[in-house]
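When the chains are written out, they are named A, B, C, D and E in that same order, and each has its own residue count from 1.
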Amino acid sequence: MGFDFDVILSKQDQLISGIAMTIFVWVVGTLLAALIGFIVATARRYGGVLVDKALTVPIEVIRGTPFLVQLFLLYFGGPYIGLSLDALPAGLLALSVYGAAYFAEIFRAGYQSVPPGHVEAAECLGFTRIQIIRNILLPEMALLVIPPSVNMAIILLKETALLSLITVPEMTMTASAIGSQEYAFVEAMVLIALVYWVLVELAGLLGRFAEKKLSRYRLAKA
Amino acid sequence: MSDNAISVQHLVKRFGTTTVLDDISLEIPRGQVSCLIGPSGSGKSTLLRCMAFLEEATDGSIFIEGSPLGFVYDGAGKRQRQSANDLRKVRSQIGMVFQQFNLWPHMTALGNVSAALRRVRKMGKAEAEEKAMLQLRKVGLENRAGHYPSQLSGGQQQRVAIARSLALEPKIMLFDEPTSALDPELTGEVLNVMRGLASEGMTMVVVTHEIGFAATVGNQISFLDHGKLLFTDAPSKVFAKPRHPRLEQFLDTYLDRGASTLI
Amino acid sequence: MSWKLFNLLLEASLMTIFVSTISILIGLVLAILLSAANLSGIRPLQWFSKFFISFFRGTPLLVQLLLLYNLLPVIGVQIPSLVTAIIGLSICTAAYQAENLRGGFEGVPTGLVESADMAGFTPVQTFFHIRVPIALRLTLPALINEAILILKASSLVSVVGLIELTRMAQNLVASTFMPLEIYASAGLIYLVINLVVATAGRQLERRLPGVGSK
Amino acid sequence: QDALARIKEAGVMKVGTETAFAPFDYIDAGDHVGLNMDVFAAIGEELGVEIEWITLDWAGVLPGLEAGQFDMVAGPATITKARMERYRFTPPIAEATVALLKSAKDDSITKPEDIAGKTIGSGHATAQLAQLEEFGKTLTPAPETKDYVSFNEAYADLAAGRIAGVANSLPNIAFVAQQRPEIFAVVAPFGTKTYFGFPGLKDDDHASLMDAIDAAILKMKADGRLGEMQQKWFGQTFDTPDAVTEPNI
Amino acid sequence: MSDNAISVQHLVKRFGTTTVLDDISLEIPRGQVSCLIGPSGSGKSTLLRCMAFLEEATDGSIFIEGSPLGFVYDGAGKRQRQSANDLRKVRSQIGMVFQQFNLWPHMTALGNVSAALRRVRKMGKAEAEEKAMLQLRKVGLENRAGHYPSQLSGGQQQRVAIARSLALEPKIMLFDEPTSALDPELTGEVLNVMRGLASEGMTMVVVTHEIGFAATVGNQISFLDHGKLLFTDAPSKVFAKPRHPRLEQFLDTYLDRGASTLI
């Protein structure tokens, strides 16, 4: 079984558009997931016991079932309840809701990590709730939240491969199609692995960079 | 309006079924230093936190400079929560200093002190920082303005925390064991700043284990035990012998630290 | 959907549970060894551990499984599908768990290690009797998360020929053409399994004393 | 000793396939059944060996064959020129000509030409998709095509109403419509005639094995066993050539 | 062999370029209680940690019961690290109690005390636990054997920590501010256990801010300041007036706690 990358590279255009699609879905999906997750965690913290309990159920259901199943139910089941989405919006919605369940937990831990005294100090000074979230809670939890967020982003990157099942032309599909047209499966797999690896390392790098930036007040530990 | 900065009336606080504060009534005169002492777990911190509305009392009421704090009674005599805005207004007269300083680690000393001026008073950056520097100078830390809390000693952190509270010009300052997280040598600098405040006529409520400080700086001493306020009086009366038996027992535990011999 | 189909899904879920449980346990042991390599202070071991984690966290499990299944025979190693699946999953989860544990090991208070030194523990004894239990306890929530993710990721082992829950669902869809009912049932089974894992995790968290918990 | 000799000595031939390709291979009430099972049972008898089935995801089947995980593929593939360059195919076992599946309620499509301007789905990178696109060019307006990782998702999307039809080989489509007649219906085939065969390796090591399998299939065809199987699984028989040397696509 | 349990000779410790211990020489007599006092940051903890080889000194040497600790000098007079085995042997004569207790959270009190007996002394479970129970009884905690550290109060945790050290029957016990993480009311129980040890003739080195304890239980007091050992003497001499000016200043800071008046 010899390696023959020329075959694969001859389909450059298709490959590049597949890679671009993967990156697009990944970045937008992850950002949306983080945003929704943050809103959910915030609602759980401030919305009272009922909201907290009520939100636990969808979070556990989404975390507990495979992304594949959710994707199928949304895309193929949606039309039966009048929700007929195109592949790309459906994929983005599924991905961001799936990620949001995990991000909600990450941010919950983040909220818990800020000593209550820091919030009380701000309350005593008359900060409004939004000011407290914006000026105290978010910056303080950032360091704790970044590493698991990067992990989550990596997991979401890998889940994007499943979007091909609902006809989003992302790179795993493109590459394996080229692989099967040209009969170069292993070459295609190696190529995909390489691209994923690069993206994962990039995500890791970005995370470490942000950690470093944010931790300047920690580096100078007295 | 009475002469009392804080008036606590029949305050009750329960956590679940345990009663932590049991029908407390207490007047804090304006311009004086009131110390709360008592054994661990007696409810000192809880009482102080009720005065800042960081805990909601189960029953009773608290007035700050004559205005009700946290709850108001409607026409029918039913207790209602105050609006968030009114609460902020009443609370703005109170500054609170915590045992653990609670400085925000991601802001410098100057950032900590100026934050409320900028966010709450909506001052511009330059103006807020100028006012903040004034406060830092007052606690002797103008040369540490650019340091993060992690780069400051405990005593310095606590002084920044005091400056942070003072920046909003409160009428009353509440202190919860402000020195007990500090090394003995760092305690002095914080107590000195507090002495300065007292001499300027700031109304202060201080929860403390520093019997020496209570005895020398306090104008009135309240002794709590098991959620009950046993007595409130001037230090000369409180520490005079024969003492209240429960206080005598309490002071005995300080023997190893040599504190009781001072009195 | 008939009971018969649901039963088939249930039977297939046994494979899911079996493969994931074994892999999570083996992965945990591997992750601890990787952490040991990382903490050993021996450069080549540290490099190996870093590369291992970076590679297996960085590439998709599907690709790892396919390469494992199809490249090993090329170099003359024949292993059955079940073993391939377990090796693939274990290695992959080991990389993630080792990353989780890294935080845990950093969270072991130095004082606890110093007390062990003073009590005369050898470094190896300190590692296994002090560091590992404390790091495990600290990272328990993250480890449970990873267990749930692996339970779900185990659906990928169908590429090496194992019939587990997701694959069985796909098979049934292909013969009955009732995708919604079948995928919803499969989702339900996953959910029940994962809720059991999550609940067990929370019980364990409550039962085991944490560092500095009061 | 070549592949055939080794298999005879071991008494076992390993074959790989996927199980989500009804009616060739599928899981019915928990058992792997389908035309392929019957065909290979017969081949096994002819060769005097047991058949060991290795079932995996289609993504793993052809790589598995090349890596030597099994001796040959027991899942049929459409015989095309490009594929013949890489693999050796057995004699055809069924027709693979492309037909259309439509919604049973859809009256607007009665013949293949009616798909003009509609959206039709097919399997990604399949010979069927290529033919659909070829056929589409002859219509105005040309139909839009949508490709799926596997046909099952395409069927689901047809049921969900996102597409008007699915183009796939007649045997497969006939089976789908037979399983869910209330939802799906078949439209007559279009396109050039193509056939399904089993791929194996081209190398010398496997030459005698492939020869033996070819002989077995031709024998089954000659004595009518293959026809019976086709009748059983497709409800019809196909007239297939003994060998495809020049595929139409 | 001299009468000294610990002998520190010309010890120097630098962190980077800052010198934290500057040419310290100190003899700790066998069977006596030595207290290290001094301001925060003066190097007390560092000196104690060097005595346990938890810090490697930059220069100088330490002898435990006559044997070199951590480093040995070879024929050419060059300092060499001791083998791990030899180090463990010398160290086994030392027990250390930390400010933060450092109990292992995943083991019960009994588990904490018996762990080293089982792992290091290779005793069977039953024998180790029996010996451990003896030690727990000594610190008055036999009825808490099955509790995890998180279920014990600070004072109880510190007593378990002491029992854990005692289980290995050390000849010397080192204490680093054993009570400063405790509430005032819990301090007494730990100091009592330490008084008991002292009366049994255990050699003890105690870093403490409890001047009262140092003055009443200590046999010798060493005063550190800025990494220098200013003097070592009996308490009666150390606290007698006129005092060393730096000590006088140091004691002043205790004024607020009332401790200096004890002496």
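Quick note on the criterion: contacts are C-beta pairs under 8 Å (C-beta built on N, C-alpha and C of every residue); 3 or more make two chains touch, one makes a residue touch a chain.
Chain by chain, the UniProt names read as follows: A, C = Amino acid ABC transporter; B, E = Amino acid ABC transporter ATP-binding protein.
Just so we're clear, the structure is a prediction, and the values are computed from it rather than from any experiment.
Engineer: Which chains lie in contact with each of subunit A (Amino acid ABC transporter) and subunit B?
Structural biologist: Both subunit A (Amino acid ABC transporter) and subunit B are touched by no common chain, going by the contact rule given at the top.
Engineer: Which chain's mean C-alpha position is the greatest distance from subunit C (Amino acid ABC transporter)'s?
Structural biologist: B
Engineer: Write the angle of the rotation needed to overlay subunit B on subunit E, where the fit uses Cα atoms and the result is rounded to the nearest 5°.
Structural biologist: 175
Engineer: Among the chains here, which has the CA centroid at the largest distance from subunit A (Amino acid ABC transporter)'s centroid?
Structural biologist: E
Engineer: Starting from the mean Cα coordinates of subunit B and subunit C (Amino acid ABC transporter), work out the distance between those two points in Å.
Structural biologist: Result: the chain centres lie 51 Å from each other.
Engineer: Distance-wise, how many Å sit between the C-alpha centres of subunit B and subunit E, to the nearest whole number?
Structural biologist: 37
Engineer: Any chance you could list the residues of subunit D touching two or more other chains?
Structural biologist: Within subunit D, the residues that touch at least two other chains are 59, 63, 66-67, 156, 159.
Engineer: Can you list the subunit E residues in contact with two or more other chains?
Structural biologist: Residues: none.
Engineer: Multi-chain contacts only, two chains or more: what residues does subunit A (Amino acid ABC transporter) have there?
Structural biologist: 1, 72, 76-77, 80, 185-186, in rising order.
Engineer: Would you mind giving me the full set of chain pairs in touch?
Structural biologist: Every pair of chains in contact is listed here: A-B, A-C, A-D, B-E, C-D, C-E.
Engineer: Show which residues of subunit C (Amino acid ABC transporter) lie in contact with subunit D when the two form their complex.
Structural biologist: By the definition above, subunit C (Amino acid ABC transporter) touches subunit D via 4, 8, 11, 62, 66, 69-71, 73-74, 81, 158-161, 163, 167-168, 170-180.
Engineer: Of all residues in subunit A (Amino acid ABC transporter), which touch subunit B in the complex?
Structural biologist: Contacts found on subunit A (Amino acid ABC transporter): 115, 117-118, 120-128, 131, 135-136, 139-140, 214, 216-218, 220-222.
Engineer: For a test of understanding, state which residues of subunit B touch subunit E in their complex under the given definition.
Structural biologist: Result: residues 39-40, 183-188, 191, 209-213, 253-263 of subunit B touch subunit E.
Engineer: What does subunit B use to touch subunit A (Amino acid ABC transporter) in their complex?
Structural biologist: The contact residues of subunit B facing subunit A (Amino acid ABC transporter) are 52, 54, 84, 88, 91-92, 94-96, 98, 100, 102-107, 115-116, 119-120, 148-153, 161, 164-165, 168.
Engineer: In their shared complex, at which residues does subunit A (Amino acid ABC transporter) touch subunit C (Amino acid ABC transporter)?
Structural biologist: 1, 60-61, 63-70, 72-73, 76-77, 80, 105, 109, 147-148, 151, 154-155, 158, 161, 172, 185-186, 189-190, 192-193, 196-197, 200-201
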